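For clarity, chains are labelled A, B, C and D in written order, and residue numbers in each chain start from 1.
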Amino acid sequence: MSEYVLELKGITKIFPGVKALNNVQFQLKPGEVHALMGENGAGKSTFIKVITGVHKAEEGEMFLNGQKVDFKGPKDAQAAGIAAVYQHPTSYPHLTVAENIFMGHEIIVHKMIQWKKMNEEANKLLGQLNADFDATAEMGTLSVAQQQMVEIAKALSTNAKIVILDEPTAALTKRESEELYRIVDHLREEGVSIIFISHRFEDMYRLASRVTVFRDSQYIGTYNVDEITNADLIKAMVGREIKDLFPKPEVQLGEEMLRVEGLSRVGYFKNVSFDVHAGEIIGLTGLVGAGRTEVVESICGITTPDEGKVYLEGQEIHIKQPSDAMKKGIILLPEDRQKEGLIMSWGLGRNVTLSTISQYAKKGFNNEPKERELAKQLLEEVDTKAVDIFQPASSLSGGNQQKVVVAKALSQEMKVVIMDEPTKGVDVGAKAEIYAIMGDLAKKGYAIVLISSEMPEILGMSDRIVVMCNGRKTGELNKDEATQERILELAMEKGQTSKEAGRS
Amino acid sequence: MKQKSTLKKITGSREFLLAVILILLFAIVTAISPSFLKPKSLMDMLKNNAVTMVMALGMLCVMLVGGIDISIMSTLALSGMSIGMLLKYGHITSTILAFVIALAIGLACGFLVGLVISRASVPPIIATMGFMYVFRALGYLVSNNGEWAGAAALGSFKNFATSSVLGINAVVWVIILCYVVFFFFMKWTRTGRKIYAVGSNPSAAEVSGINVKNIKLMVYMIMGVLAGLGGALQVSVYASAMPDMQQGGEMDVIAACVIGGVSMSGGRGTVLGALLGSLILATIAKALPLVGIGALWQNTIKGVLILVVVMVNVILQRIADRNALKGREM
Amino acid sequence: MAGKSGRSINNVPENPVKHMIFSWEGIMVLLFVLVNIFCAWFSEFYNLKSVLRQMPVYLAEIFLMLPMAYILVLGEIDISVGSIVCLSATISCLVSNTGLPFILVILISLLVGTACGAVNGFILTRFQELPPMIVTLATQIIFRGIAEIVLGEGGSVSLTNSDGFKAIGGKVGRVPYILFLVLILAVVAALILGKSTFGRRVYAIGTNRLTAYYSGIHVQKIRMLIYTLMGTFCGLCALFMVSSSYGANTTTGNGFEMDAIAMAVFGGISSTGGKGNLAGGIISAFIIVCLRVGLGQQNLHPQVILLILGLLLICAVALPNVVGEIKKALKVKKNA
Amino acid sequence: GEADGQKIALVGKSAGNAFFEIAAASFKETVEAEGGEVEVVYPEAATADAQIKVLDNLISQDFDAICISANDVNALQAKLEEAMDEGIKVSSFDSAPNADSRQVFVNQAGTVAVGQALLDAVLDIAGGEGQWAILSATSQAANQNAWIDAMKTIMESDEKYSKLDLVEVAYGDDEPQKSTDQTTALLEKYPDLKVICAPTTVGIAAAAKYLQDEKSTCKLTGLGLPSEMVEYTGADDEHSCPYFYLWDMQGLGKLSAYATISLVKGDITGALDETFTAGDLGEYTITEADDGGTEIVLGQPLEFNSDNIEEMAKLY
């Protein structure tokens, strides 16, 4: 037996125009949790896809238990005992959870799918994950986080020897992350080797024993987690030092900008009230499915609330659709950048200027030179890693896509900025930049609402924290009274906790 | 508790709403013309709509992967005309052979269509629009530029549509058989589920090792085979083969599926839905002359009815969704 | 101003001329020339004079192709246009026969078309869950059905006074008025789609409707407007149809939707939304017109003509895809 | 021959119509035998729009004559007038464009004669009294509407038809499926229905098949193609259609050919009372048509019954 269950050497992968991986290597020991880290666009996800046979590497070789292997497609990898949870959910929205879990390896007797058995098995897996939905639920009706759980259940269902998790915690809050840690621990005890990609350092410290770092498509090094300092690791990842991760400036609060009173939408949220002042950052947090996204979407006119009032600078406003909100200066950075934030097949430049083209148009016709200039400026301001403004958004890594969404919001006049999970899947370097942008905006006197599931981010950036649970606001904390424990307590208030107890 | 939730599931489903609409339609038509509900009359209706009903199954598969096929009635004409001419000039006499040939021609057509769509990534509506012209033209060529094969020329083949087994017409048996087979195929087999998977999220299907291209090819082949079957049924039921038969009929098949809740963007739709959808259309077609609507008005009313059915379905669905939300505890 | 890490992003577009030559439109122009050489070679009667003579009936269909291109870019489809042409033509004939001034006849024809288009738009924006294909299929049946009811038994109406229609069917020298009108409208439509903010928004909606909506684009307003305009153009087409047949009947405009879609698609405007431009659509429309005139002069069986057009359509769309795949493969190799 | 050097275009209603094919074949044969040349041209679809495109095309080529079966009475006027202005002779057959847009029309059988024959058949089959219905093509089909009108007029004008009760005129759009739906609806609505008269080939075949399969007591007559109707024709209970009519399609093609040739040669101009010789068909005189134009009537409709059907089916 070789020392490594999985070993890759000299892997090079080229996409038209980009070298995504340049002669990288990787070794996975049996029964270890190995973190893979690096900037957005470093090539982590691509590397995973090379392992599982989704992409074919131009150069390099791969050894499984010392044997050279050559996967023709994902099926081969699956057969060899490798299961992967990809970064972007690869689920079937129209099918049930059970089917999503068992797609490709359904329980078959006499060539017939055994639905009952499959549902039972799926529920068992979901039970392990403490999921609060049934296996017969339709995938499309679940929240992003719930879908992520299904993806994990899917990986578990194959009884794989190697499990790869590509940013599984990006959409998860603290509570669900804990659940995931428990599962990973459990898997490791059973002798499964795990590759874990995350931009959250707490994940790595909690789980991994070794960490491999990629930067700019290249292999930088592999370190033992307890032997490397945080600062060194960050330096390895971004190539420079980051002094202050949460550059929250002290800003003199101004006038009240946005006030929401008794906002309700049947089935989504009820009686939500809060306010934001100029220069203030309000953190809106809660567990997955608490209804945060729905609240801000109602404020911005994506959906219409059934009850409640919204005030801007003390004046009641009636917003019927997103364009009304924009005209009044309320901007939303949507949660799902691929479906709601960007036009993936379009160039970056056009994406950035999409909602503001008419502002610099001449007599209804586009002023393209000006658009290009503006796009370049904004994209550089948020430090997007891109070659030119014409390359399609789909060719960027997740974090860089998020930066384009930020750039797009910056393209217009605004008073209130609502950011829904702005750093989901964004690397430390870029995160720091996004935080810096937020700080700048606050300094300029904008009111900011930050929705986030990441505790350090909420604690580090917010002036005040609004906590939601199950569609209701359960509390509001000032910066100095907020602690992880307090927030979690509010996020799992009453009904929620008793329901949990009842189930387990 | 459990029972209640299954009941809720049934009443909340699209198919249930459709069934309600169908029953409503039946009730109205029967009230005006009581003879409508006689078994014989219903059998006639099934037999006369066999082609649409059977082909709706193929269209279901095609639409599930997010495709569409408007070449099907040309395929039908080509396969039907081919066996018509073969029978007419005595090259074949056996009914079974005629069916096999019709299916084979349909399969070949479907294969071509599927190949162009899955391998050359031509958008389905364009590819099938092209093939609609091509196959129809081939149908004309086969017919020596417009010969018909009438009842006398078809020999014993046409008897298929008049024979019955266990008191039920053979054509109706074909419908039943097709629906039963597809019901099992779509719900209980791995291949059937792959069709749903590809339609629901093609890139996910690719990643999980499903050969998306082959599945796409397969659905068009299924559609082709059923179009071939449709050709044989058409020739048998009406005892005549004409090169321009069923021109424009593809829209009925598509309408049947859409009414039956099959999504045009893929992923959603069931065999039961296709059945209900095509039954609703069949009922409309049969009822219009029966309830005494003037000939000039029949088309308009048919259009309005289709529109009303799909709109009512949307409204009912909205109400159901809203009620489900109201029931959610907070 | 470069970013914090000093990265600079290029924003200089590649040479537009070079881009154009290798684009689909470039190929289309070449094809246009080839088709004309081919037709002239095979038919002794194929010349500028005969093409100009035969063109008007086809040109009327190009009116439909223009808004249809917008609808296809939206990722949608309208198959009711032939029926709208029928209804507009019918009503305008009936109105003209009452002796109303011709200018009113024109207005009414446009109005009827616009109203029909608005009905489509209204249903589609109110019932967004419904696919356009099924809605326009239903209205296709309804609009022609209404024309049938209006026309009554006999199913046809002819002009008692055709002066007005004769006038719009007139010519400057050998060039029919309609050619000028088509060209002007085509250029305007192409500019708006390609260069205006409105056009950009149409592409945005067609590529990712949700993002467009989140970006503050009035998705439903734009859809409503385009479907309504589609109707207006049907009214325009109807006027010229009447000017060639001095009447209308229940089959007027039959199958025009497919012709219009085929022209657009052949020109590279994909039915999946967000792709292609009107320059391609317009050139392809003229290619198809020339081809039809040329093949028609061979007195080929109509089915053979359709067969050729069908194959061309498939190849036209399949070929760039296949070439694209090969190009991509080559590019990867070059990088390696 | 008579037609040396002549180039004639024959324009059909649509491709793929077996009924028209027979006439076209005989037309072509006749002209070619006389030394002329014929192009049979079809429009893409059975619409006036499509025929306009075809005519445009033909006018650009140097044809001596165009013989057309029109999809619409009035819609082709502009184009056909243009053709005549260019010196092209315009004849028509089977289905006439209006009087202004043609020089002569070859009518397969006089409208009244067809109506009379059909109505007498209905009277005979019904046994002198009872309910009957008409299953036509589309509600806009000009020929069918003319025959139906003729039947209605005759029925009112003569006492002997007074016990016949025309319950409905249904339209099957010349589609087998719709024709069958209409037939079943007729039978369900009028259980006492005695006769259906279907003056259209697709309709009569679909109805004949349905009635025969159902062993219905309701019988059928109308206009149809013998080859399509062999199986259903017979006076006994086994068959659904005792007898039906059609005209001599080959004769129609031949007569149209000779009429067109004569037009080109200038033997006739299409004026009333002119006469010409149509080969072995004999001498024909141009008479006045119902629409004010002129026509040449081929003859009486032919009856097809169990005696001659087998024989005739071989011909068409």
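Points worth noting:
The rule is simple: contacts are C-beta pairs under 8 Å (C-beta built on N, C-alpha and C of every residue); 3 or more make two chains touch, one makes a residue touch a chain.
To keep track of the chains, here are their UniProt names: A = Sugar ABC transporter ATP-binding protein; B = ABC transporter permease; C = Autoinducer 2 import system permease protein LsrD.
Because the structure is a prediction, the values reported are computed rather than measured.
Where touching is counted per the definition, the chains common to subunit B (ABC transporter permease) and subunit C are A, D. Distance between subunit C and subunit D, defined via averaged C-alpha coordinates, is recorded as 37 Å. Centre-to-centre, using mean CA coordinates, subunit A is 73 Å away from subunit D.
Centre to centre, using the average C-alpha position, subunit A and subunit B (ABC transporter permease) are separated by 43 Å.
Subunit D has residues 15-16, 139 in contact with two or more other chains. Among all residues of subunit A, none touch two or more other chains.
The set of subunit C residues that touch two or more partner chains comprises 148, 153, 301, 303, 306. Pairwise, the chains that touch each other are A-B, A-C, B-C, B-D, C-D. Residues of subunit D touching subunit B (ABC transporter permease) in their complex: 14-18, 20-21, 139, 169-171, 176-178, 180-182, 184-186, 188-189, 202, 205-206, 209, 213, 225, 227-232, 313. Only residues 52, 54, 73-75, 78, 86, 89-95, 99, 103-104, 106, 108, 111-113, 115, 266-270, 470-472 of subunit A touch subunit B (ABC transporter permease) when the two sit together in their complex. Here subunit C touches subunit D in the complex through residues 45, 50, 53-54, 57-58, 148, 151, 153-158, 162, 241, 244-255, 292-293, 296-297, 299, 301-303, 305-306, going by the rule given at the top. Looking at the complex, you find that subunit A touches subunit C at residues 12, 14-17, 19, 58-59, 240, 302, 321-323, 325-327, 332, 334, 339-346, 348-350, 354-355, 357-358, 361, 364-366, 372-373, 375-377, 379-390, 408, 433. The touching residues of subunit D, when paired with subunit C in their complex, are 9, 15-16, 39, 41-50, 52-54, 56-57, 59-62, 71-79, 98, 138-140, 142, 145.
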